[in-house]
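Two complexes come next, and they have one chain in common, chain A, joined by chain B in the first and chain C in the second.
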Partner chain A sequence: MTLFRRLLLVEWSGLAVAILLGALALSVIAPNFLTEFNLYVMLRSLSVGLLVAFAQMVTLGVGQMNIAVGALGGLTAIIFGATIELYGFPLLLAIPLALAIGALGGLINGLLTARTGVNAFIITLATASAFTGINFGITGSIPFYKMPASLVAFGDHHLGAMPYLLVAPLIVAFLLGLFFSRAAPGRELLAFGGNPQAAELSGISRERVVVSAHVLSGLLAAAAAVLAVAQLGSAQPTIGADWLLLSFAAPIIGGAALTGGHISVLGTLFAVLLLGLIQNGMVLAKVDPYWVQFVLGALILAAVGLNRWRAVNSGVA
Partner chain B sequence: MTDEAMSEMSARRRFGLGGVPAQFGLAIIIAAFWAVFAWRAPGFLSPFNLFSVGRALAVDIVIGFAQMAALATGGMNLSVGSIGVCAVMTGGYLMQTLALPVPVAIFGALGLGAALGWLNGFVIARSGVSAFIITLASANLYSGAMLILTKAVPLNSLPMEVGAFGKMKIAGLVSPLLVIALAVGLVLFVFYRHSVLGRQILAAGANARAAKMSGVPVDRVITISHALSGLLAATAGMMVVAHLGAAMPAVGGEDWLLPSFLGPVLGGTPLSGGAVAVAGTMLGALLVTTIRSGLLVLQIGNYWLQLYLGVILLLAVLVDRYRALYQERRGIPMR
Partner chain C sequence: MGLALEAVSKSFPGVKALDGVSLDLKAGEIHALMGENGAGKSTLIKIVTGLIRPDSGRVLLDGRAVQFGSPRDALSEGVSAVHQERNLIPRFSVGENILLERLPTRNGLVDYGAVAREARRYLELLDPGIDARAKVLSLSVAQMQIVEIAKALSSEAKILLLDEPTASITEHETAALFKLLRKLRDDGVAIVFVSHKLEEVFAIADRITVLRDGKNVASGAPMEDMTRQTLVSLMIGRPERVAEIAERQVDPSRVVLEARGLSTTRGHKNITFALRHGEILGLYGLVGAGRSELAHAILGDARISGGELLIRGEPARIRDVHDASTRFRMGYVSEDRKQEGLILMHSITRNVAVTIWRRLANVIGLINPRAESRAVAPFIKRLDVRTPSLGQLVGNLSGGNQQKVSIAKWLAAQSEILIIDEPTVGIDIKTKTYLHELIGEIACEGAAILLISSDMAEMITLADRILVMHGFRLVGEVANDHQYETTSRAIIGYIHAVGDVTPAPAG
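Entry: the complex of A and B
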């Protein structure tokens, strides 16, 4: 196999090329692209998206899905905001509490899915509706505005083009990479996703795997929610409402198999970067914002097609 | 095995398509809700409210059918709302901007819906990728294209007779839209029960490999099911146009996602495919419409609505699960 062919079969090779070419094209077409401020704005907008994508990636890894990623994020965001504004919790208490809420939501999803054996799609569709209902019922769709200055500053500050906000998802990406490649529980998740029967016969507990994937997914959704509050400077009930598409698009474009068992942290990271680049490019080129949705849909189809092509090719080789 | 268990199993098999026990429980729950709402909110049984419940029910039923058609093959259609809004705007464009006769415009909108659904089915059957991901992508393609083409501008000077049809009352109480929804249900019932194509769809949904070996053209059947799903989504869209008397780009979309699953799943349509519950889907839709309308009349507000709908969907799934387990245990002879 030639080096070129081998590179072609690495999941994120196409993405890396697309990102490089896209960035090159943008820097030629739009002089504003390479300014420190524009790069900062783009990277900052990626931070939440990365965690959202990881939240879905984890459930895709065990061959399931989590429709409630956005709903859980929204609920966590407003509970986070409420504990700060109404009860005066310090951040050191409010953030762990928010993460715990996310994990709890994931635990509910996981237990319901594992215990009943019902399709995770329908379970999380139902819990998503319930979480959204609680969110809007509590807030009456009124945001919490009084966020601590330190949190807002964390959302705003940057070192050169590098926003502080991006640090959190990068650390998470590193930990997830270690978890899925080196840690026994992470390997068990993927083994189960690849072949549930074989995994169960090898002594992996179905319930533990499914529940831990959903808890991890909820935890990551909550982390995304906290970052979103920091980024916006207020706890909006609408946080998470538009996460669903991105959450699936990024891991799938990054090479995750929908059938489970195979995910790519680096691929997902590059996919989010590519999507951010495209959005940024469309803003700089003053393209109608309505195109964003269309392009995202088209990209998923293209990625699915590419993944199939790669699977067929590598199967032959 | 006792005779009792035998007769119970054969009864279950006989009514397997509809899942009669599930629907009986559902009917009792609906009746309970009606009793509570009628008792707590005097306006609930007023002719005006009954008319508006019936009109909303018509749309919910057809949205449920649109999802049911996709579930029958063991797939799903996340683009029900997107196809619906594409049909809405196409119908509005044909009627208002091109000033075509209303029946021609409706025909065009329904045709578009069927074509978009067919496209879903074609890609799913050809690529072998799950219906979930294909329709998630196409939902955004369709909605995105609609927004690009319409610039999200509503069309609100449609021919008068469109809005008038939506306001029409048969016997002062029943919306003709509800009659249409019931007629669609009857057609679907006969289609899945008695037509060769309908039986082939259910066979392909139950076990694609076995169906293929028995000579069912599985790919074609899946494509047709998705075209049917698109056609039904477009029908629901045209009903909304009649209801609003205008073509709004905010109709459908993700707002239809949950109701589209609630109707069929509450009614006993399995997600794994192979069976449909036409009457059950209507009852499921009735429960959704009842709760939505009742909360509105009680002025509890729309904010908590989603919580109730989510919890009800969960309960329905759990009850169904435990009923299946219970029957399984009853069916196994004691040693």
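Entry: the complex of A and C
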């Protein structure tokens, strides 16, 4: 096997190359690309996306899906905004509460999936609709605008090209990496995703695995919602409405197995970066933003094809 | 029609699966294809059926060179196969599965009446008890195997390849299959027969081709010239060794697991037995007798509806398998390694350590990978798992090595009660002997083992006592004197004493 082929088998290698080439090309054709401000804007826009992608990655790890990431994120953002604007909660109280709401939503998804044995796709499709309903019921689709200055500042400030906002997903990425490679519960999630029957007969509790994956997913969706509020400076009921496609695209491009049992935190991170780069490049090149959707779709297909090729070539098809 | 392979070679990343192999199959013969796991039998069959292409060499059909691009090509030339893996669609009916690629239609719609009628013709040759309209998913493993064979027969093939067709069917069904195969042979069909059971090969084959490490060590030798010993030494490259099992002293008062009048939601009635420290208790029965189902019920995977289960003298209520393994230190080596035993896409280390992650984790809940490897390595070494590294994916190991990994998992977990279900199905002779010795050793070290097996010889080699199960009830107990003649007669006696009681449906 040549070095090139072996590199191709490392799942994030292709992404790293694509990112490097893309950045190189952009810096040549668009002189604005390498400016501090442009890089800051691009990285800031990635922050929420990273957490959204991680939220889906966790459920993909156990071989399930969470269609409700966006709906839960939207609901959390609204409750977060409401507790601040209407009840005057300090951030130190409002943020943990928002995360708890996300975890609770995940708990509902997880318990329904584990106890009924119904496919998580259907369960979360239903709860997504329910969460969105509550969201619009509370707000009448009117955003909460009065966010604390410190939160808005956190969403705005940056050190050179590095937005403060990006710190949160990077810490989360580190913790998730540790969780899935080193922690017993993380390993158990992947073992279950790899072969549910074998994992169960090895003494892994099915209910615990399914519930914890969904709780973690909900928690990450809530974290993404809080970041989105900080970034926008207001709690919009439409937060989360456009998360679903990205949430699948990034982990899959990053090398996650759709059947479960295998995910890559680094791959997902690179995939989000690549998608951000493409979006940024298209803005700089003044391409119609609707084409971004098309490119995203094409990329997912290419990534799934590459994953399949990899599976066949590593002998575990 | 005859089939010949000339100097066929095929390599996969890291291994040369076939190296200049030849096979000469004549019309009207049953040709045994033998070899240990990994010798290349399945690869050869996959080449003949068009699933994979050889790197070099020729496949000749009646002297004409052919190249099959897919199983469909092979089928259209009259070559049909029963593969080792199940290839049925669970939610389709038996009839649809059998006639899948040429469903009879009327006015452009599938004619289900004709499907059932047509399928029944083939089923009746083997097992008239299978309903052509039943869904495959409601069948037992043995019945599914019968359906696979019926499917291959229904294509009216001139060349029929059977890869381990008898691995999971009863003796009765095997007898029916053999009768049918002889009839097909007399009609001029060429049949390749692969089996690990030597008795079967001697019973049915006319000629034999033996592979070892991807090369021919015998090519179309007449079966009359072959003895069991020569065949085994051809296959393993040296004379066969008898498993050495140490004598054990079982203290009858140290009961570890006891069932008192147990009945389960799976259909078991009045099951009573006691398993002691350091004992191997055999649970013998025909396929479909309800043995694996009992194991699942004990482990909390099905409900116990009556009677009492005691563990170390205490009444135990096992909620689920997680509970069984952590609270009661029970382990289960499944008969279905790939589906229930292993996570094929994960490494050896992960597959073994899955039972001990919680123990390996430090105060903040993290597992040190070096500690993990250190914990796993001794078991992999002790079980002699052949692998370049612990990081190897389990899916890339041979069947025997996979089985060792699924046992290692429970050794690592220090299980005190081990239920071992059909430990050597589809495992080659060398590894089988090794596994038998290993199970003996584990018992010597004090584990209580409930051994489920339909392999009479295995049972008599290993067990201290043998429970006989039939139709979801225990029908007898035999003290094992390790004499094949007397013990097997006693066991068969119990099974026949109950007569032909139809077993409750499996699942």
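Some notes on this structure:
Going forward, the second predicted complex is superposed on the first by the 313 of 317 C-alpha atoms of A that agree within 3 Å, B and C clash if a C-alpha of one lies under 4 Å from a C-alpha of the other, contacts with A are read in each partner's own complex, and residues count from 1 in each chain.
Criterion: a residue touches a chain if its C-beta (ideal position, glycine included) is under 8 Å from a C-beta of that chain, and two chains touch if they have at least 3 such contacts.
Everything numeric in this text was worked out from a predicted model, so none of it was measured.
Taken together in the superposed arrangement on chain A, chain B and chain C clash. Legend: residue contacts after superposition of the two complexes on their common chain; A:Ser205 is shown touching chain C, with no touch to chain B. Shared-chain residue A:Gln197: touches chain C; no touch with chain B. By the touch criterion stated above, A:Ala184 is placed in contact with chain C alone, chain B being left untouched.
In the overlay built on the shared chain, the residue A:Ser129 is in contact with chain B alone; chain C does not reach it.
Taking chain B and chain C in turn and counting the residues of chain A each one touches, the greater count comes from B. After superposition on chain A, the stretch of chain C whose C-alpha atoms clash with chain B is 98-106, while the remaining options among 26-34, 98-106 or 116-124 stay clear. According to the touch criterion, chain A has no shared surface contacted by chain B in one complex and chain C in the other.
Against chain B, in their complex, chain A makes its touches with residues 65, 112, 116-119, 121-123, 125-134, 136-137, 140-141, 244-245, 248, 252, 258, 288, 290-298, 300-301, 304-305, 308. Against chain A, in their complex, chain B makes its touches with residues 76, 123, 127-130, 132-134, 136-145, 147-148, 151-152, 254, 257-258, 261, 265, 271-272, 302-311, 313-314, 317-318, 321.
Every residue of chain A that touches chain C in the complex is listed here, in rising order: 1, 178, 181-185, 187-188, 190-191, 194-195, 197-206, 208, 257, 261-262, 313-316.
Of all residues in chain C, those touching chain A in their complex are 12-13, 299, 301, 320-322, 324-326, 332, 334, 339-346, 350, 353-355, 357-358, 360-361, 365-369, 393, 395-396, 409, 413.
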